[in-house]
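After this come two complexes, each holding chain A, first together with chain B and then together with chain C.
On to the complex of A and B.
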């Protein structure tokens, strides 16, 4: 997996580990502006797909929000599907992608 | 505004009116599969932009979810920005787009 030159500081590692430990979190991926994976808790093939596809959607959403109102800015994107929810937080340098499984139904 | 041939039944009109009356709802747009506006509570220029841009994002998200897992399906998309939040519910025939203003800060 080509990873960016970002030094994975101890803090970043610690933050990502704590996110991954939260209940229902299935995976965490950090991608840089070029769509290159910086860090991931998913396997290689999922990491590659999420890095490319989800970051392209976030980039598209960012430009749509700006097209609708040049003074506005995307803060995050939630992509809810039948099987899980993907939370995407785009920053200047990086995109944080968190895959979350739905909470178990109450009666299970 | 070119609108689709869908008969705007009384029920649909009633549902959209009730959604629009909910606090913080700034606008509601219904678009058909071709991206043509079926119904909107926004002005013409916003309607045109939301119909084209947001429905294209929803279509892209739908195909990404399917690329990631062919047995999965997009249920909705939330696009949060500094100024508002856009909720997008894609269905087989139509896409419902709801623009929601953030609730006032507690101390205002």
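On to the complex of A and C.
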């Protein structure tokens, strides 16, 4: 998407707020490709954990998809656990991590 | 066409056997040699089987591109020919065809040479050394500045130290002798070998001695490298400036809008697994661990005593209301009541003692309580934790005062020496040796005023109810800490007891007794108590008639304790002589209804001088039993007005009759004053408290009595109550009446093979819930302490049954066999264990003299906050249902009564009735037939008539169908008319 398509007054914080306002969303973290946090709505220790661990996983997933087919590209990554669901949207420079509490646990 | 003879001199010349050729696009595609596609400037040669060209010639004939060369192709002996692509058209055509070995190889060689020419082997190789550049940091942890490398990220430096310095203890090693300790040495002793014999050949003097070698040494671990320091990089983080910069950047903007799209997309599909979910879940469930909850009563502990309780029947198990680990237990001989009475004369002198147990010391009882006779009923005083009350088989009531052991019981310590008891050397453990303390009763009731036969039931009155000696009516209890007891026997007597000294009757000055009581309370020094205890030996009991060793604070009551009132019952339907037989009371339960008091007070204040209503008729002033000579002496006492009152009993009549009969203070001054009576009415203490008594009889019926409507029998001084109603429900003696602990208006009665629930909130004279069971007889009943709708039953076969009120089935919700022996006492209780958790236990006493303590499983414990309300709702709906049913039955009765009469007249008019019937009946029938047929078949309904010959036409009423509903209405009207006509015909006569 080109920059020109976005309105100039468009606030990035507004986007973040919109994402985190979705039902069941527990937190949103933006990290750069090296795993350094840019913005986060989680608390400090959780942010650090998610940034480091998930970004490395996203990089790995990205390379797996590339290795399987060089013309392919990873669009997003979803990890579902008993307690949470982690949505990862990797990009060239940054990675968006969204943590949500699923409405119903898997193994209930 | 080409010139064959020419030799190719340069590149432009063709080799021999090579012919220029034009190929159409179709042929190019067919032979896979498309110009600028399969063949291009880099790859100009394609080898092709000759067969393909021959086939092309064969198929297309003269149209073929190869037709011009067909003679040469025919002559060609090669299997594979070459087609050469010539984009420059040197020979005028795009393609060349080689049909000859030499030319073929010539072209192939030429191509190889051309390829070899691409590598430049002529110019010499020159080495260019790499140029030094500035250091470009790419996220590594080290930067280079000048010629030094340098860490750029800060490091966290952790040093972990123990808070307390290591304790070093110095060990001393000493020498010791082998003899100092057992097994201090190992030796190989000589022994006689059995397999063969030694023979002394030569004797030699030899000796071996071990010389001890002492060594000194030490060993210690050394800390060479203290491993308590760790260094770690600090996590990298952006500063606020950096974040702001990133945040403004276009890349971030693009990224976030992309990511948002993805996120929104993801949220359209909430389930990550889609339609695979059921399969995945099934897979997980495969190895899911199912937690099985304990649904049975789990055995926890038991109490049994070899001497005092073994092989005796437990009659009562009562847990202490304040100390949940303390239990009082009474036993009697395990024989039937008849056998018991027969063996009374031959029985041992000493009756079975009452035992006080502590849950934490279940080897032996804590205290043994001496009794006048075997005890059948026990009750702890709810407010005085050291007081226990019991009812005996001989009809007496007893009070025990446990004050001297209460500190032990409270602090959960053992009253006997634990170590001494458990050591095997001691066999004589009991009372005579002074191990288990034996406590004498504090008071026994006066035999003349007690029950004449065994106590059948013993209950505390509700704490709001108080009967005083000078009034026949129950009143509001003004004391917070005093309660009264109600007890009954099989002789139809219900006694009400107060734990206080009665107004003296047998010549003892009441003030003296009271002073003595106060004195004892003060001087309850341990020494004196001990002296009393020591005198309480069995020997003294057998001669107890002469010497009374009673101790404790109720001692002044001993032998003078008598009931406040004795209540008898009269069923208005029966003669007085028949009364005593029918109402043999086996259980009682009393409820006060303060909600009714408002009504009565209002009633009396509005019309202060209303004439005595029929309701108040039986209320007659209590007559004094004997002369008031003693009272006149102690005029300062609260009983003093009674004496004065008794002198003027006749005065208290007239309009005040139905109100409280004995004004305590006011009566002296004004004997029949209207104003005074008004002031009495406003004082609740002077009002009769509406109190009702439900009693179960030997014959299984339930009796309800209003205790505010009593008559005093002049001769016996008994209170005589009229029975409000009696309802025969149970098929055996009503042994148990239990109030629901959660909802006191609900009463559970059980007897024989049935149990019933009664609601007090309405004047229903029949049970709300009634269940009959099969074989095993109920032996005890208890409400669940936690769940309001569960009832626990025990039966003869040793089974504990759990019933659910909500279920309409006449079978237990759950039942469990406990000991296989008849259970006689069933008591649920809550116990706070050492982990401070509330545990729900059930104690079960059986005929072998053992009390089993069981833990109630969780599903019988769990409560939900609205359960009590649910229960109330359930009872209310049941009541409504019963009312409706009664009403319905009454209506039915009425209806049958009404319809029966006209029927009689009908019989007289038989002929006429039939005549009328025929015409009217056919009319209605044909109308209906038409309607039904029209509905199903439409216009041509007439074809479907069953009997077309019937004379329908004259019966049809001329109604045009306007609609089915209209039709129906007309039919109804018709029917109604017919009915009226019928009625008319009946009464026309």
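Going forward, the second predicted complex is superposed on the first by the 93 of 108 C-alpha atoms of A that agree within 3 Å, B and C clash if a C-alpha of one lies under 4 Å from a C-alpha of the other, contacts with A are read in each partner's own complex, and residues count from 1 in each chain.
Keep in mind that, in the parts below, a contact is a pair of C-beta atoms (placed from the backbone, for glycine too) under 8 Å apart; a residue touches a chain by one contact, two chains touch by 3 or more.
Please read all numbers here as calculations on a predicted model, not as lab measurements.
By the touch criterion defined above, A:36 lies against chain C but remains apart from chain B after alignment on the C-alpha atoms of chain A.
Of the two partner chains, chain B is the only one touched by A:65; chain C is not.
Once the two complexes are overlaid on the shared chain, A:53 sits against chain B while remaining clear of chain C.
In the superposed model, A:26 makes contact with neither chain B nor chain C.
Once chain A of one complex is fitted onto chain A of the other, the partner contacts of A:80 extend to both chain B and chain C. With both structures placed on the common chain, the touch criterion links A:91 to chain C but leaves chain B unconnected. Set against each other, chain B and chain C differ in how many residues of chain A they touch, and the higher count belongs to C.
Of the two partner chains placed around the shared chain by superposition, chain C is the only one that A:18 touches, whereas chain B remains out of contact. Common to the chain B and chain C contact sets on chain A are residues 75-76, 78, 80.
The touching residues of chain B, counted against chain A in their complex, run 46, 49-50, 53-54, 56-57, 60-61, 64-65, 67-69, 71-84. For chain A in complex with chain C, the touching residues are 1-3, 6, 10, 12, 15-16, 18-19, 22, 30, 32, 34, 36-39, 48, 52, 75-76, 78, 80, 85, 87, 89, 91-94, 96, 98, 103, 106-107. Contacts from chain C toward chain A in the complex involve residues 139, 235-238, 243, 246-247, 250-263, 266-267, 270, 272-273, 280-281, 284-285, 288.
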